[in-house]
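Next come two complexes, and both contain subunit A; in the first it sits with subunit B, in the second with subunit C.
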Partner chain A sequence: MGEDTDATPTLNHRGFLPDHNYVTEADIISTVEFNHTGELLATGDKGGRVVIFQREPESKTEPFSQGEYNVYSTFQSHEPEFDYLKSLEIEEKINKIRWLPQQNAAHFLLSTNDKTIKLWKVSERDKRPEGYNLKDEEGRIKDLSTVTSLQVPVLMPMDLMVEVSPRRVFANAHTYHVNSISVNSDYQTYMSADDLRINLWHLDITDRSFNIVDIKPANMEDLTEVITAAEFHPHHCNLFVYSSSKGTLRLCDMREAALCDKHSKLFEEPEDPSARSFFSEIISSVSDVKFSHSGRYLLTRDYLTAKVWDLNMESKPLETYQVHDYLRSKLCSLYENDCIFDKFECAWNGSDSVIMTGAYNNFFRMFDRNTKRDVTLEASRESSKPRAVLKPRRVCAAGGKRRKDDISVDSLDFTKKILHTAWHPNENIIAIAATNNLYIFQDKLNSEMH
Partner chain B sequence: MIMKGQKRKHPPEEVDVSDRSSPMWESQRQFVFSVSLNKYHHSQGLPEPSLRRSVLIANTLRQVSLEAFAAPSVDMEASPPPCSSSSGLLESVFTAKHHPAETFSNSHSALDEDEDWGSISTDSDFSLSAVISSILTALDSTIDGSSQAAPRTPLRSLENLPAPTDGGVGWVKQGFRGYGGGWEQQEEGRARESSTELMRCSYLSELTVEDLFQDIDSSLLEMDMGVLGLLGSGGGCPTGDDLLRYLPPFSSSPSHPFSLSLNQNLKCLPSLSSFGPLSSSSSSPTCLSSPPFSSQNHGLDLEHLMEILVES
Partner chain C sequence: MGGALSHDADVMEVTAEAKRIMVVALGKLYSSRTQRGGLRLHRSLLLTMVMKSARDMYHAAQETEWAAAEEQQPPTEEPTGAQIELQEGKPLTSPGNEVENSPTMLRRDADNKENMSPPRPTQHSRKRRGKAAVEPDFLPCKKAKLEQKNVPQQLILSTVLLCEYMNCSSEVGAPPAPMPVQRAIAAC
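And now, the complex of A and B:
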């Protein structure tokens, strides 16, 4: 599992001078997503840019360069906007990217900021026609008197050019901040969720969307719960799940009613009265929800734990994994410095046997559901030289017995948080976003899923 | 443990919070309460307030206030009850919420048209606790005389303020000033401390009540006097209820300076001002009997209010 992970060279998100310690805010990565084959990896950042990496095909001659990800394309997806009615600036930060399954030579992805979703077409051009009759090589019109014979233009190879163009803009449908988008398994529709509403779109229709969930109370005074994440079922195009800030998950069936305010299933773990604190509600807020690839399970992340739920059992999660329980006694400070509101994402591996999520101090955790083993790894320049094996880390309680290389809870750096992680759909390759750096790790020894 | 560069305060840590009788529980509760208030005010100033964050903070505030009240043995100690005034205030507000007053359906419909404003200002309005704090903020800023330009609020709701508002505001100023001078020196009573905390926190607000009152069309105020007159006619609890009806949604969108919420909050100012200085029952009579207040003629029954507070 994770213990034998090799580190591929760190890929800088930007030309980042190694001596600089400050981080340009616009470079902070805000989302990471592999496409359905894993060949492409897209990242979005706070400055509204999307960078797509492509995996180099494996070559026999250079065994060490096989499977590396290099920059494929960069484009500006969203620009900052100004809402004149409310006198509010709309951030260009990319909240989510989702790839569409590939149906022809081009790739399509959806990217969204707080208000607007855009569909982008990414296509390659590696040939161009040459041999025009009326134009010469530079495009100037030929002197007709010099044309003596007709030729058929032929396609000649050229340097690869990647073109990205916006195909659809889905705007003006969200009053609140969009936190999730999810493409349906029918490949024709997708949904976008903000704090209080979920809308269903058709990929070809931009001027209207269908509202399927609305939890806005008639009287906003009564608002106590918001939607935090939403996702379609990977196989059943009528099912989707959304999570709330109160720690509940709701599975909805679009066949039951047009408006899915009433859930089909409600997943909620009863609160443990002995563990109750002032922050119980805040730490129970679900920050991410992901269906397993099989569609049988749900993975959720709240502040301190990651939970695996069985769709057939609503009363409690199947498995609960403590991500950083040592923070439980520090909740007061974490509330004060706002860290308690951090939204960590989570990810399944391709075979649904391992789950992964991020933590603080550039640590990320992986849990093997079968062996019940877990590992803590660090994504940082110092600890990961190219092709070095990542060393498992350990966090010990302050003042407790401390082994060499252990980190004490009090020395954790809470500004270095790993909020966004992604796992290759088929192989043991993971992408970790650490502030403005992207780390890609491959498990060379165990490339195949098991 | 803390963000780099931040001065370390001392949050109560390592507390077994499920144990209410633990002395740390109360200090942690107060800490959470003051931090939550701070956060709420702070979020008003952010360009992009996150609705999720605001809702969670508001829920925490509400829970913290309710829990304080739910442990009366702790609160009712002879040695100054911790936060009893502030928590009592909030608690009466919250319980009142659950007893909607039928008589105010008419006035409430007046709020409906303001709902349009609410729906326009997106990340709008929720949570009574935050409403309370914004009220207290407004109260405090009159004393503070904050020089920061208060964002103008939509005027519609100001129409509903009771007539002798200026007198009320004046009284508020007077009452608080008396306190203001003594803040630094006061050592008695955590009760005082906690209300002090509240007021201190509200220094963060940019709002000055004077700005808001400037545009009051007094002719429109008459019609609501009758409505407010009913405030005092009910029993102890219902008074709180009616008060509650007026406590509006607040806007967490800062450039819509509390938009409809704070305006409507101001409706309540005259009545709340009677709560304000009453951090402990012993000090109340002086404030209540001060002349400017007694000149207010909107039918508030002060005795009833006193009873509520004493009971809580």
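And now, the complex of A and C:
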């Protein structure tokens, strides 16, 4: 674990040895993110690497290869570090990647591990100057006596080269583990959130950040909740939301005060006393929060459900979707095997009409908010032959009526979890991270959003 | 009496599950100390909360058990200070009603217990303790306790807990010194 080769990863093969079930831990994908146009897709893994995929432009000559994603660039974003003061190792695992909106020919993205955020510039080089006077083609200095005339170097095309360079390193601002980063709609600032604090940065300034939320109690023994995720509003640069381990959401307005400890809005659903168990607190912890593209709604994910909230209604969610309620009676075993602590992410489609989230057994779920229909699909090699249509799956209760192809709750593989998913900003293309494999599914029939 | 026996069985089930949850939580807390990347605050907090609610449930279940046992015997001695303490709490229902309502009843007692009865020796005390003599609160305390006959039960439970979590952490090397629950997350 940890040692890397320079093997070029392909789309379906990232360290997964076909003949064995052994998975290199460093290859486990830890984050997936489309850029703002959907042309690029970035993944981060436990080994600190970032792999960027680019969508091939649609070509008339080969209609079936249109829109496929191929590897564009791979680089090592973070390395393991050691905090000597606390005698702690800092993992190189990439927790989140966020793209900046494109403003020139280069692409920029932010990647973060537990402690340090980095800004990376991804640029293409497809020309190089040729015809130097003092150097020859290989770069050796010419013998001056052979130079008889002056020439002007000319830019000649070359094989495309993608260069990645770190432009900023934002370090030493977090005592606790960073769980989220979010770029502001002003395209100048971004925030980073750890368990107890949220910091606001300017993209050009690395030696200073402003603390905008601090929920650390004076006495750590009084700690009752931590921050689990945070995001800026997509249009209003003064608004952001953060979720807590208690299942609450807080909307904060940076215009109100420098330190946004007081929320503008608190979104909380009263607990159902009949559903109370030993594990109520764990399963109510929000693992992800996402604004809708419109900015009108919030999507949250806790262990068993996904909820859509209206920004104008704090008392309860607008919609609640049961992701895998059949696990409710199995919480004790999920607690013992640690699965109850899994943090699932959630995603909106481009038109905010469908939400998606992952589950176990390499299943992922989509809920259509308008038709109220939902589907369970599987991301696996067997069911994902190229051009194959995904077959809906069904989980039935143990001992219940079982149709052909149904899977019983007791047969679910809890080691195959889909924690990270992403949806193309405009089209029906989704990226699913299943442990160390990345699956990209496209809906060719319904490419346009509706 | 049938009612009392089935009540006891329910209470036993709850206490057994609560104990198992506590032990697993302790094991996970200890093994997380050696995890790569350092102590995860969120996870430690959730484990601590599960442990506390399991422990509250466990103590509440034990109280109802002792109270039920109490009611069945005429008091043979002067009530001790601790006994009065128990009776000052929210009135407990008779064993007959316990069967259906025991989980919620126990929980209500657990919730109310904190408000009504003074902190008990084995309970989580909200008072901040000095840095020096911090004693794990699941180990037997030297202060006066409930009736003598119940003391051995408590001692056995605490010893069992201690042994079990020590075993849990034995894979990670020499077991570290026991920490009180509330300190588990303050360490980071």
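Definition applied: the second predicted complex is superposed on the first by the 437 of 450 C-alpha atoms of A that agree within 3 Å, B and C clash if a C-alpha of one lies under 4 Å from a C-alpha of the other, contacts with A are read in each partner's own complex, and residues count from 1 in each chain.
The criterion applied here is as follows: contacts are C-beta pairs under 8 Å (C-beta built on N, C-alpha and C of every residue); 3 or more make two chains touch, one makes a residue touch a chain.
Since the structure is predicted, the reported quantities are computational estimates derived from the model, not experimental observations.
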- [ ] Look at A:354 in the shared chain and tell me whether it touches subunit B only, subunit C only, both, or neither; answer first, second, both or neither.
- [x] neither
Open item on the list: Tell me the contact category for A:85 with respect to subunit B and subunit C: first, second, both or neither.
Closed with: first
Open item on the list: Once chain A of both complexes is superposed, is A:333 in touch with subunit B (first), subunit C (second), both, or neither?
Closed with: first
Open item on the list: After the superposition on A, what does A:410 contact: first (subunit B), second (subunit C), both or neither?
Closed with: first
Open item on the list: Touch test for A:418: subunit B only (first), subunit C only (second), both, or neither?
Closed with: neither
Open item on the list: For A:40, using the defined touch cut-off, is the partner it touches subunit B, subunit C, both, or neither? Pick first, second, both or neither.
Closed with: neither
TODO: Classify the contacts of A:193 with the two partner chains as first (subunit B alone), second (subunit C alone), both, or neither.
DONE: neither
Open item on the list: Which chain, subunit B or subunit C, ends up touching more residues of subunit A in the combined arrangement?
Closed with: B
- [ ] Jot down the residues of subunit A that show up as touching in both complexes, subunit B in one and subunit C in the other.
- [x] 86, 88-89, 91, 114, 176-177, 195-196, 219-221, 223-226, 228, 245, 273, 276, 278-279, 281-282, 285, 332, 335-336, 338, 341
Task: Interface residues, subunit A side, partner subunit C - complex - done: 83, 86, 88-91, 93, 114, 176-177, 195-196, 219-221, 223-226, 228, 245, 273, 276, 278-279, 281-282, 285, 332, 335-336, 338, 341
- [ ] Could you please specify the touching residues of subunit A with respect to subunit B in the complex?
- [x] 85-89, 91, 114, 175-177, 195-196, 219-226, 228, 245, 273-279, 281-282, 285, 329-330, 332-333, 335-339, 341, 409-410, 412-415
Task: Residues of subunit B defined as touching subunit A within the complex - done: 1-4, 6, 9, 11-15, 17-18, 28-29, 31-32, 35, 39, 47-48, 50-53, 55-56, 58-60, 63-64, 67, 118-128, 131, 247-249, 253, 255-256
Task: Sites on subunit C touched by subunit A in the complex - done: 17-18, 21, 24, 28, 36-38, 40-43, 45-46, 49-50, 53-54, 57, 104, 107, 128, 182-183, 185-186, 188
